[in-house]
C-alpha cells in the first residue's frame, strides 16, 4: 500500500491541465517555453505513473481507491474518486510514455507551424484528460474526462482551422462520438438510479462491487449496452466508425496520440473498467451484452481491414487498421479475454503510435504528401524511419517472437477460439489476420520499396528530434514482446490479479501454428501481388492497383469505404436536417398561428393579422417618446379601429363568461 | 290557460333578452353610425326592462332600487345619445360619410 | 296584469325592434325605433312602473328620437345602406340570445307569480331620490351638463 | 427602518430617477473631431469605438447603482443562514387589508440565488455591445426592470408578486419596442400580448383561489396544496390559468413562439436580461406557485406535461439548427435549456408518491443550478453575438468565416461559452443538467431518455456554428475585425472564470439553496 502516491494521483490530470493553461496564456512567439513546459509536464506525469506502477507490481490484485465528495446537493452527496489498480497503472504508463515520445516528436514535426504554442496547449490538455480517464473511480468522473478527451480530440482534429475539411472532420468526430456518449450518459443515469452510486469501488459499496451489482439485477444488460454505446463511439466501432478515418485531417502527432494509441482505446478501456456490469449473471462466461460486444467487434475488425486494403492515403490506411485492431480488442473483451484485450491495447498503443509517427516522418520528409502511390523507395532515403516502421508493421501484422503485437493477438485468437456460442468469430478473426498482414505489406511496398515517385524525389530523413521518439517506441515495441510473451504470463496475472500458471502445452498447439501460417500467407500474398507495384515509374502515380485491376467493382466499393458515409448522409443526416427544417417551419407558421388563435380572440374576425403589418409600417414615427405614449401605442396594437369589431369581441366575451358560469355552476 | 298567459318573471326576462339581442344585432350588423347608437340604446332599454321586472317580482319588502337604477340609466343613456349623435355629426363633417366601415382612425 | 296585453305588447315591441335593426331605409327604421320604445314604455306601465314608463316616453321619444331623426336628416347624403348582411354580427347576436335564454330558463329561483305590492308614487320616488340617492342624482346632473356642453363643442364648426 | 430587501428593490428605482435627471452622454468632442479630421472616411467601427471612449455619465450612474444593489445582495448572501429553514429577512407590513394584500418580502435559498443572479446579469447587460442609442431612457428602463425583478424574486404575497411580475413586463415591452432591431413593433406587441394574456389568465385564477380560500399568502396557500386547494372544475380552471401564464413566460412548447422574435429583435443587453432573468421568473413561478398549489392536478396530467416539455427540449434545438440568425439560434437553445428545468420540475411533480429522496432532491437542485447556469451562459452567448454584430454589422451565421485566424481570443472565449451551453463537463452547464437528468430519469425514465436527444442536437447546433464562424478560410469581411478589446476582456474574463468555477467546484452555489431544496422536496413529494 502506498497512500502517498494515492493522494497525489490528482496531479496526473492537474499537471498537464495547468501546463495547458499556462501555455495558452503565453504569446505565440514563446515556442521554446511552450514546448518545454509541455514536455516537462509529460515527464512529471511519467514519473508519477512509474511511482504509481510500482506498488501495483508488489501486491497481486492491488486496488486502492481515494474517494472524495464533489458536492452536496440537498442532503445527498455526490462522490467522485481515483482508483489505482493494475488496469489503471498499465494504462497510465502507456499513456505517459507514448505521450512523451509523441510530444518530443511534435517539436520537430510542428516546427514551422504558426500556432505551435496552441498545439502544445491542446496536447497537454488532452494528456491530462486522458490520464484522468485512466484513474477515474467514478463513472461520472470517467464520463467527465471522457468528454474532455473528446473536446481535445475535436480541437486537435480541427487544429488547422483554415482548412474547411479539417473543420468538417472535427465537427463530424465530435458529433459522431456524442451519439455514443448520449447512450453512455443514459446508461450512467440508469446505473446511478439502479445502484445508487456511480463510484466503482468503495469498500464493497461501489457500483461494481457485490452489493451494488446485486441491486441492478436484470437491468445490468441494458446499462452495459448503453455504456457500450459510448465505447462504440469513442473507439470507432461499427456503425459509428466513420469519424475516425476523417480525423486524420489533424496533424500526424495528434493521430498518433489520440486516434491510435490512447483516446480511441479508451472505449476498450471503458468496457474493461465496467466489465463486472457486462459479465453480471454470466453463464459460462457469456451474457447477451458481451455477445453484442463480440459481434460489433467482429464486424468492425473485418470491415475496417477490408477497407484498409483499398485506401491510398498513408494515414487512412493506418486509421482503418486502428479501427480494425480496436474491433479485435472488443472481441477479446467480449469473449472473456479481458487481460488479452488490454495487453493488445497496450501493445497496440506502442506500435500504432510508432507507425503513425513513422508515417508522420514520411509525410514530413515528402513535404506533406500523403498519397502512398506517389512515394516509393524511401528505404534508402529514410533508413531510421524505415527500420522503425518495419518493426511497427511486423508487430501489427502479428509476427510473433520479437514483436509485441504477435503475442497479444495470439492470446486474443486463443480466447476467441474457446468462445462457446459460436466459432464464427474465430474464423472471421483469422481472415482478419490475413488481411492485416496483406494491407501492411502493401503499404510497406508502396512507401519504402521500388522506384522513387513524384513525392519521394526530394525526400529526406527527419531530424533527430523526430527519429529519437521513433527509436524509443520501436524499442518499446520489441521490449513489450518480452514482457508479453506467453512463456512468462505475469502480465495476465498482473491484470487479473490471479496467481501465475504456465504450461508450455497451452502455448504450443495447432492454433498457434494456424495463425502463424496465416500471417505468413498474408505477407507472402502481399509481396506477390505488389511485387510490380513498387517498380512503377515516377509519373505513374495513378497506376491501377493490382487488386483494382482484378476486381474493379469490389475495389471501388472498398475504396469508397463501402459507401457508409454516403449512406448516412442520404438517410440519417438528411432526416435530421429535414426535421430541423420542419421544426422551424412548424414554429413559424403552425404553432405560432395556433397559439395566436387561442390567445387573441380578435383573430375570430381575421383582422388581427392583416392589420399587424400595416401597423408596423405606420408606426415608425414616435419611437423615442417613452411612457404614456408607448403605452397607448401598445394598447392600440390589439385594435383594428373597427368599432363593430370591438362590440363583437365584447359580445363574444360575454358569451364566454356565460359559458364559464354554466360550466362552473 | 291563465297560468300560461300570466306574464311571469322568466317571460319578461325572455322578452328583454330578445330585445337585447336585437339591439346587439343592430349594433353589430348595421353600417350606419347612428344605428349603432340606436342598437346600444336598445340594449340599454332591455337592461332597464330587467331592472323593472326584477323590482316588480322581488319578494317583500320591495326596495325601490330597481326603479331608481332604471331612472338613472335612462338619464345616462340620454346623455350618451346626445354626445354620440354629436360625434356622428362631427365625424360626418370630417369624412363625409356615416358608414362605420370607413372609420378606422381608432386603430393604432 | 293581463296575459293578453303582455303578449300583444311584446310582439309589437319585438317586431318594431327587429324592423329597426333591419329596415334599409333609415327614416323608416328610426320611426320603428320610436314604436319599439313606445312598446317598452307600455311594458313599464304593465309592470307597475308608471313613472319610469313616462320618463322613457318623455326622454326617449321626446328628445332622443327627435335628435336621431335630426341627425339622419343632417347626414342625409347616405340615408340608405348599401351593404349586405353582416353574418358574423347576426351569428353573434343569435348566439348571445340563445345563451341568455338558456340562462334564464336554467335559473330555478325565479318567482312565478308576482307578489302584490303597493304602488310606487311619484312622491315616494322624489323622496328617495333626494335622500338615499342624492349623490348619484348630483352626479347624473353633472354628467348631463357635461354631455350637453360636450355635444355642443363637438358639433360646433371649427373656426377657420 | 428600511429592510435589506426593500433597499435592494428600491435602489434601482432611485437609480432610474437619477439617470433620468442627470445629463446623458458627455462626448469628448475634441477627441472625436480629431479622429475624424485624421481620417476623413471614418468607418463605422472606429466611430463607434470613439464614442465608447467618451465619458458616458448615464452608464456610470447606472452602474454605480448596480454596484450598490449588488453590494446589498452580497450582504444578503453573507448574512443568509444557509442552515435555517423558511424565509429570512422577512419584512411584513399591512398594505390593503381588505383583500389580504400585504407587503411581504423575504428570501429563501431560491430567492437569494435569483437575487444574486439579477445583480450579476443586469450590470453584465449594461456592458453589452452594440450599446443602444438614446441611452438615458434605456438605462432608466433597465433599472426599473431590475427593481421589478428583485421584487418578483422576493415577494411572498401574490398581490405584491403579481405587481412586480407585471412591472417587469412593461419595461420589457418598451425596451424591445424602442431599441429593438428589425420588426421590433411586431415582436414587442407579440411579446406583450402573449405574456399579458398569460398574466391575465393567472390573475383570474388567483382571484378564484382567493374567493375560495381568502388568502394571497404563498406559504399559507402552499399548505392547502396537499389536500387539494380547490375542487372539481374550478381547480382545473385555476390550474390552467396559472399554468398558461407561467408557461408563456418560461416559455414552454407550444407557447414559445413569441420568444424567438423577441430575443432576435431586442437589443443585445435586453436579450441578455430576457433570457437570463425574465424566463427565470416563469420557472420561479412554477416552483413557487404551481407545483405547491396543484400537486394533484399535475399528477393527473403529468405525462402530458412531460410530453410538452420533451417537445420543448427536442424541437427547439432542431429549430435552432435551421436558423440563420445567431440571436434567433440562441433564443431557440434557451427554450431547450429551460426545457431541462421544466423536465426536472414536472418529473418531480408527476412522480409516483414513492419517489426516492435522492431523486427529488437531485431534480430540484439540478433545476436551481440550471436556472443559475443558464442565466449566465445564455447571457454570455448573447453578449458575444453582440460583439460579432458590432464588428460585422450583421449576425447571420454565414456572414462570418475563419475568424479564428483573425480573432483567436474572441473565438476562444466564445467557444467556452458555447461548450458551457452544450453541457461540457468542467463547465457550469453540466452540473445542473446532470442532476436534472439524474432526478428525472428515476421518476420519468422514458421522457428523460427522449430528452437526451436534445442534448445531442444542441451539440450539433453549436458545432455547426463554430464551424461556420471560426474555421475555414478567413472571410474577407472579417479580415478587419479587432480582437477582443481590453474593455471587453474585463467583462468576458470574470464571467468565464465564474463558469469554470461553478463547473469545477459548484459547492458554493449549492450551499445557497441546499436547505431550501430539502424543504421543498419534502413539501412537493
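Here are a few things to note about the model shown:
A, B, C and D label the chains in the order they appear, each numbered from 1.
Heads up, the rule we're going with is that a residue touches a chain if its C-beta (ideal position, glycine included) is under 8 Å from a C-beta of that chain, and two chains touch if they have at least 3 such contacts.
No experiment lies behind these values; they were computed from the predicted model shown.
By number of C-beta pairs in contact, B-C leads over the other of A-C and B-C.
Remark: the per-chain Cα centre closest to the mean position of all protein Cα atoms belongs to D.
Remark: subunit C and subunit D have CA centroids separated by 55 Å (rounded to whole angstrom).
With each centre defined as the average position of its C-alpha atoms, the distance from subunit A to subunit C rounds to 85 Å. Computed from the mean C-alpha positions, the centre of subunit B lies at a distance of 5 Å from the centre of subunit C. Averaged C-alpha coordinates give centres for subunit B and subunit D that are 50 Å from one another. With touch defined as above, residues shared between interfaces to two or more other chains in subunit B number as follows: 24, 27-28, 101.
Residues of subunit C found to touch two or more other chains are 86, 88-89, 92-93, 96, 100.
Across the assembly, subunit D contributes no residue that touches 2 or more other chains. Each chain pair that touches appears in this list: A-B, A-C, A-D, B-C. Put simply, subunit A touches subunit C in their complex at residues 605, 644, 648, 651-652, 654-655, 658-659, 661-662. Interface residues of subunit D, counted against subunit A in their complex, comprise 134, 137, 141, 170, 173-174, 177-178, 183, 185-186, 188-189, 192-194, 197, 233-234, 237, 253-257, 260, 315-316, 318-319, 321-323, 357-359, 361-362, 364-366, 402, 404-405, 408, 412, 419, 424-426, 430-431, 434-435, 437-438, 441-442, 445, 448-449, 452-453, 455-457, 459-460, 463-464, 466-467, 470-474, 505-507, 510, 514, 517-518, 521. For subunit A in complex with subunit D, the residues that touch the partner chain are 24, 70-76, 118, 140, 143-145, 147-148, 151, 158, 161-164, 166-168, 170-171, 174-175, 178-179, 182, 185-186, 189-190, 192-193, 196, 576-577, 579-584, 586-588, 591-592, 594-596, 599-600, 612-613, 615-616, 619, 623-624, 626, 630-631, 633-634, 637-638, 660, 663-664. Here subunit B touches subunit C in the complex through residues 2, 4-15, 17-32, 34-35, 37-39, 41-42, 45, 48-49, 52-53, 55-60, 62, 64, 67-68, 70-72, 74-83, 85-90, 92-93, 96-99, 101, going by the rule given at the top.
Within the complex, the subunit A residues that touch subunit B are 611, 615, 619, 632-633, 635-637, 639-644, 647-648, 651.
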